[in-house]
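Take a look at the structure below.
Labels run A, B, C and D following the written order; every chain starts at residue 1.
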Amino acid sequence: MNFASDNTTGIAPEILQALVAGNDGFALGYGNDDVTRAVERRIGEIFERDVAIFLVPTGTASNALALAHVSPPWGAVFAHAEAHILTDECGAPEFFGAGLKLVGLPGVGCKVTPQTLAETVSHYEGHSPHQVIPSAFSFAQASEAGTIYRPDEITALAAIAHAHGMKVHMDGARFANALVRMNASPAEITWKAGVDVLSFGATKAGALAAEAVVFFDRAAAAHMAERRKRAGHLLSKHRFLSLQFEAFLNNDCWLRLARHANVMADRLAAGLAAAGRPPVWPVEANLVFIALPKLAVAKLKSAGAQFYVRASDSLPGQVKFGPDQSLIRLVTSFATRPEEVEKFVELAAKV
Amino acid sequence: MNFASDNTTGIAPEILQALVAGNDGFALGYGNDDVTRAVERRIGEIFERDVAIFLVPTGTASNALALAHVSPPWGAVFAHAEAHILTDECGAPEFFGAGLKLVGLPGVGCKVTPQTLAETVSHYEGHSPHQVIPSAFSFAQASEAGTIYRPDEITALAAIAHAHGMKVHMDGARFANALVRMNASPAEITWKAGVDVLSFGATKAGALAAEAVVFFDRAAAAHMAERRKRAGHLLSKHRFLSLQFEAFLNNDCWLRLARHANVMADRLAAGLAAAGRPPVWPVEANLVFIALPKLAVAKLKSAGAQFYVRASDSLPGQVKFGPDQSLIRLVTSFATRPEEVEKFVELAAKV
Amino acid sequence: MNFASDNTTGIAPEILQALVAGNDGFALGYGNDDVTRAVERRIGEIFERDVAIFLVPTGTASNALALAHVSPPWGAVFAHAEAHILTDECGAPEFFGAGLKLVGLPGVGCKVTPQTLAETVSHYEGHSPHQVIPSAFSFAQASEAGTIYRPDEITALAAIAHAHGMKVHMDGARFANALVRMNASPAEITWKAGVDVLSFGATKAGALAAEAVVFFDRAAAAHMAERRKRAGHLLSKHRFLSLQFEAFLNNDCWLRLARHANVMADRLAAGLAAAGRPPVWPVEANLVFIALPKLAVAKLKSAGAQFYVRASDSLPGQVKFGPDQSLIRLVTSFATRPEEVEKFVELAAKV
Amino acid sequence: MNFASDNTTGIAPEILQALVAGNDGFALGYGNDDVTRAVERRIGEIFERDVAIFLVPTGTASNALALAHVSPPWGAVFAHAEAHILTDECGAPEFFGAGLKLVGLPGVGCKVTPQTLAETVSHYEGHSPHQVIPSAFSFAQASEAGTIYRPDEITALAAIAHAHGMKVHMDGARFANALVRMNASPAEITWKAGVDVLSFGATKAGALAAEAVVFFDRAAAAHMAERRKRAGHLLSKHRFLSLQFEAFLNNDCWLRLARHANVMADRLAAGLAAAGRPPVWPVEANLVFIALPKLAVAKLKSAGAQFYVRASDSLPGQVKFGPDQSLIRLVTSFATRPEEVEKFVELAAKV
């Protein structure tokens, strides 16, 4: 019953197999190999556009490199106050961005509304050069609460961002989970809705360690190669990053893996709701959050369930916690088995 | 006949097998797993000392993180002018080190002599705060010329560095190749000789992507965890870095792989010398450099040999190049087969 | 009727005279002169302690250099959300601090309470290395609202900071204004209450451009000379910074200038209160904030009054603004004349 | 007999008087005042072009801000190995430039030749993204050796720089001294010869602390206001920077001050040459370097002469030093009196 994180899993079999199969022989380092070229083409096809991509081993690198590339050091990057880039990357965007400033915004379900973005940005105008300049809006798809932004929401947010000269960055560590939930194409939830640069994650979704920074405007990627290199994120045996992505994207593997994770989350949510523990936020990706008495948390853990207790300021108004309750986060993945879900639901119903 | 680089190889079978074998089940992310603990202990055993280690995916990250941790932004890091950190990392040490300064020193065979170090450092004293302050000496073992520093040389260099308040960093991207050439232990060529921090490489030696920053004084590693994280170099599925290192170090695998590479280099050098093409520098690791007429270079390449032409200001005085000659670099690895070496030698004798 | 800012004034006559008188002859540059030594001693006397001081030309430099020196790049610096360092320095602390993170806290009257500090800091613990580490608490004395922290408040805040391993920085751009309001010595409101480093301002108080970073623990200032130099803040003709400070501190000039500014602010506040426009925050330094109908603002401006309209989220609960009202800031200084105050009050009573 | 530096002087009378005269009344801070506008216009007239200017208090700030604005973090800035930016700014360009790399070039008389520039730059091409990218050429006018670059030399250097996509920066800490030596206009030795950005110095030439970054292409200055602000170099009482520059440029004051300094240097050089101590480099600005026996140095110092001993690797081939000799630097200024020059020459002839 491991619901701790989607990064506690191993490598999806299809991807591991690709590493083994692609190990033979020699290949030029640093991305000058055929597999890397093929991955570039494949990602272009998926997004129906000529893109510039940069593979890196971690999501933090992917986010920070992308943000640093679209924001000057005197820029303000707006994002939800509980976004990974603000709370879990130890200041990586500030480091990569030579001291740029992250501004945390409120919003239920870890989502920023167009109204909030517009109002906040308005406070950052007309005070130059004393104040930093709005440079980017970043949002996580799916969000840290497991909620997703629909195409029209993205379009509205991006319109505000662009109207103020800002770029739009999507933290897609769980991009596949969000995508398969919607009746929309990869293009429709990214550049067609106004996203300028995407951190496209494969690691949580099944890879060993592989993330792609995707620029939808190739010109905007100028000198990203140097930025990546000097950050130590250009792998010498780069083909192994590319092999992961190739297998991930091949034959809809990524969509299949994400759907499984989401189905497991849905099943978990449904079971818990039936047991009187409804999720506090809509379950739209592979994350389920519920409120539990602290005693129940302890019992579940001692029964072998693995998960984290979280805190959040973005709960819906109607959700109330007493001092004896905790918010717990349950993460499913490509590796989650139905039996584990059932066992957990059963236990949760009892405690 | 691929002698382009040791990073054009795939993964050594022992290491790949370990990735496959270690893939089952779940493990806590970010290095909070049992394999990582085991690797920490194992590296401590190898170096006969309680060390602090930080695994990262690239050599550039390993070098830059180490240097930034031992040098303040107003520090000067002295190294050979042709060192990888100066010429091939696109300014990574400067980036990680918030603008520290690298100072390139001359020296035959890409090695810095104690005399040169002492004299250069003397020019950086007594002029504070106008000038940067000597903070570290960094040297590559083996060097970019394939030469190695013997324990007494390291001891002499480190003594000078320490006498001036500097730390000593060893870029050990080819540490194993240097080690197996000497009748000395890992401890004797590192901390016993005065090395403070080592970038211990496994990638060129056979791993997919795995390097360890090794601090011989654990206290000096304080907050390196944060530095690594904010650089995006803390892998979420960290166990796969550890699995690589575990297999690499297990049963002397690393020494065996390095010995093979060195033997191949020796055989290459001997064959070429016999053919009238002696190496320009002593072959002490897995690199062989020879002078060749440009015409011969072209012929070898068209015959399928892969290698790079290099330039160097650190050739021995007696080596002379005419305008029609090139310096070529031949790199062997764990994957080099004797047949390739023989074929190359044979071809080189003819052209 | 210039109440726009204390930086719209010229140079106080005593200070200007010192520049003229000290201009003769030659003096070694970069602070190696006798006047600089004298100022160091004098500041030590004032604070009853052996201090390390660094003179710089701007308050932003003083704050940013101080914060960067007490916080690592992975540090979090806590301060009021409307503090100058967060809103008016265009990211200087982040730049000087290699990407450190500023965390804005709420609080009425631009003051942070011990409770708020303690609670916020508690959210930054136990999540290393994913989250930045609490490194410093910074507060402005007087605050941006013109309120001041009393010795017991500082003591309580500093105790919390120190208990969590944080340093305490005081932004004293209006230090003199705060000091003369209290029955306390410079020592009592700084290091005796737990302040580690002070940005001691003279510019707003009457100098041309002179601020001192004061370290109460000399050891904590190690290498600040290099940090200042590489930031371009070591003046070559440094004696002119020192001459300003010498005159500023001589014969209680600084206290006299500050008292005048405060008296003018008190008179302004009293007159406005009598006219039905009471200050929204206690007037404890040289700043007076009142609510005014927008129409009145326009009338005052057209009558020649100079001041800025501000926005704040730190108004007391009982203060309510309608959509037709503005918060205006009135700043007095050593150069404010009583006639101007009276004229303004008279006008404000009418509009 | 103070020949230590042009920064040991006080303020030129014309400039000091302007500070006194301009002190009355109030003025908006941060450069939003009339004097600043006037200075902008005046500098534009002097350079016969619409320029963007940014006043700052130090030469180091001026140089570092300019370089950071024309070079990305992965850029290489080429300059003479003994340039102030490399040896005397404690890494300021690297700090401001987020880790850019300075590359020191050789050259007699602290001057870089077109040949040297072209050859060095050629080694920095074709190796992206492993190596930093040529981004700027910076040269001091006058140089640290007191030599100057003639218009045709600048044109040749700038042509090479521009051909490689680099910008050209002139460190004009002693711009006036160089200018008045040539039969050329300010425009002819800057933008007409290919200079993109100039650090125009007034401090050494007579100001208290005032330097201007001058962009000859206004578009290239976009966001320099933010860069200056976040570096703490936007003075709040900015009018006092402007007043200095206004007086400096008024009625050819700057040219008169510089001519005096140069004349003093010429007289010093002629006298010393007549006494058998000819300058080692051509005296083209206000610096005179001669070789002296160490015993003579000591005698001169004990007789009250103030100057520094220097070391240089850019002496002309014919100049030879024995181990008992020193290279001494003598700096004249607007404040140097003929009597001092004569006294020094007389003494030097004797010792």
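Assume a residue touches a chain if its C-beta (ideal position, glycine included) is under 8 Å from a C-beta of that chain, and two chains touch if they have at least 3 such contacts.
Source: prediction; values computed, not measured.
Comparing the two chain pairs, does C-D have more C-beta contacts than A-C, or is it the other way round?
Answer to which pair has more contacts is C-D.
Hey, how far is the Cα centre of chain B from the one of chain C, in Å?
50
For chain A and chain C, let me know how many angstrom lie between their CA-based centres, rounded off.
Using C-alpha averages as centres, the distance is 41 Å.
Taking each chain's centre as its mean C-alpha position, how far apart are chain C and chain D in Å?
35
Could you list the positions in chain B whose residues touch two or more of the other chains?
Residues 30, 73-74, 89-91, 94-95, 98-99, 129-130, 132, 226, 229-230, 234 of chain B touch two or more partner chains.
If each protein chain is taken as a node and each touching pair as an edge, is the resulting graph a line, ring, star, complete or other?
Its topology is that of a complete graph.
Using the touch definition up top, name the residues of chain B that touch chain D in the complex.
Spelled out, the residues of chain B in touch with chain D are 73-74, 87-91, 94-95, 97-102, 123, 127, 129-132, 311.
Name, in rising order, each residue of chain C that touches chain B in their complex.
30, 72-74, 98-99, 128-130, 132-133, 223, 225-230, 234
State the interface residues of chain A toward chain B in the complex, per the touch definition above.
Chain A residues touching chain B: 2, 4-5, 7-11, 16, 19-20, 22-30, 56-62, 64-65, 89-92, 94-96, 203-204, 208-209, 226, 229-237, 240, 306, 335.
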